[in-house]
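Order of writing sets the labels: A, B and C. Residues in every chain begin at 1.
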Amino acid sequence: MNFIYFCDLFGTLVFAISGVLVAIEKKFDLIGAIIIGIVTAVGGGTLRDVLIGETPVGWMKDLNYLYVIFSAVPLCFFFQKTIQKLRKGIFLFDTIGIGLFTILGLQKTLGIGLSPLVAVMMGIVSAVFGGVIRDVLTNEIPLIFRKEIYASACLVGALVFLGLEYFFAGAFSNIPIAILVVIIIRYLAVMRNWGIPFEPKTW
Amino acid sequence: MNFIYFCDLFGTLVFAISGVLVAIEKKFDLIGAIIIGIVTAVGGGTLRDVLIGETPVGWMKDLNYLYVIFSAVPLCFFFQKTIQKLRKGIFLFDTIGIGLFTILGLQKTLGIGLSPLVAVMMGIVSAVFGGVIRDVLTNEIPLIFRKEIYASACLVGALVFLGLEYFFAGAFSNIPIAILVVIIIRYLAVMRNWGIPFEPKTW
Amino acid sequence: MNFIYFCDLFGTLVFAISGVLVAIEKKFDLIGAIIIGIVTAVGGGTLRDVLIGETPVGWMKDLNYLYVIFSAVPLCFFFQKTIQKLRKGIFLFDTIGIGLFTILGLQKTLGIGLSPLVAVMMGIVSAVFGGVIRDVLTNEIPLIFRKEIYASACLVGALVFLGLEYFFAGAFSNIPIAILVVIIIRYLAVMRNWGIPFEPKTW
């Protein structure tokens, strides 16, 4: 369990860094960078908690999440160049993050007695809506609507996890396997430029 | 009651279809179309539930709403042309939808003991904020701020319903009459190009 | 306590007026002006209440807030010119408003047992997110990300208030002193064009 907690914090850090980098690009000031870092890192989980009624929202009850997010600001300030060079490596951690956020969000939703369909949706919301809220606040059309390399990978990962839980309920390996599926799908999606265009037949 | 439930589901379908059509126009992909369909259909009721503290929000407890919304995607995919031809007919169902959403939102808010003024506001939020959130996510200025053919009709319908409930508490005909008022006002507003401009006197 | 309640209502009025003035600039209609007035005035406190789980949100339980907000519409309609001339005076009341909103939001959050760090954040959210939501709805990049004359002043005021409460718990003067700090900092920030740019070293 400690390992999962560590991964969750690390995923939060990676998300916060990606938010702060966007703020730098947009020439926001310090307060703007902090807000965008927070929103990107915990926005998805916050929206999930609000929708399923688990308030006060999660990060208010465990300050480690905030400490990790705040540390993203000096990290980006001093090591921006290095971080941008490491982008490929970060890509991996980022994907571990979205995979883990999906599964943890799914588990939390199941845990309060909601249906698996809703749990899968809330898992995806946990993983991708931090980015959506960031895009809305910075006046961009959310990337996810055009080129969803994230959401489909989360969806498949969530379904694999539900299947594993059905057959091997509570097995520790279920989470890593589901996350691995997310990583593989996203990797393939980026490599082969996958997409699911939606161009209706015109009958 | 079954008839009202059916109308509620049907209104949800019409709203979801209108959202998916916007996603097609904007060239979103499949995931984008599904998200915009969900947001348009249940965004208003979700915001209402979150504000009045009725969480988990309504559609999480009755999956029929999600099934209806998901069915909007293949419907738009295969019958886009037909649907666009039927727009005038859809206009009617759409207006029935906003009328019904207004009254059901109002009733739910009254039911947890909040004041009629707040109930009227939450009725309007239920009916129109799905569209507002859709517009925000797709980076448009919400139409409702410029040309509110919706919100005023909902307001009058809500007031008529409150008046009917005052004199004929619980009468089954109160809901259809209030919805009819919404339909008539919106029809007249569109026909005669009504609006309530807000251009201050410059004293 | 009555004095603080009066200031809270007055701050709400000033915020609502500033929202309605934006709606006039953007040529919104009457409904749009009312919605933007409401969102600007109570959006921050509403977001705070939703995040900390204090629902139904505050303004639903005391209609005076709504009455004050609605009165902003005729005020702006009849006295737009006068109000714009009074802008400098309004600047003062506006700053009293954000100072008070910060402290009241902080107190409310502490009151339900959350940590001081979260309370400071929720104080700032109470004071500035009404404006952020207004900017998002009107399709602007929130000003606060670029030029935060607000948020830093709120932050310092909140910290001063926490310090005062630590040494003089419950003293009535704590709130006015903290608000005075907010006013002074914001005044200096505007006068001397302060800012905290965030331009990473490129190591």
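Note that in this section a contact is a pair of C-beta atoms (placed from the backbone, for glycine too) under 8 Å apart; a residue touches a chain by one contact, two chains touch by 3 or more.
As the structure is a computational prediction, the values presented were derived from the model and not from experiment.
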{"item": "Rotation angle (°) superposing Cα atoms of chain A on chain C, nearest 5", "value": "120"}
{"item": "Same-residue or different-residue interface between chain A and chain B, half as cut-off", "value": "different"}
{"item": "Inter-centroid spacing, chain B versus chain A (mean Cα positions, whole Å)", "value": "31"}
{"item": "Junction residues of chain C - those touching two or more other chains", "value": "50, 55, 136, 139"}
{"item": "Complex contacts: residues of chain A adjacent to chain C", "value": "23-24, 26-33, 35-36, 46, 50, 55-57, 60-61, 63, 66, 76-82, 136-139"}
{"item": "Residues of chain B touching chain C in the complex", "value": "50-53, 55, 112, 114-115, 117-118, 121, 132, 136, 139-142, 144-148, 151-152, 195-203"}
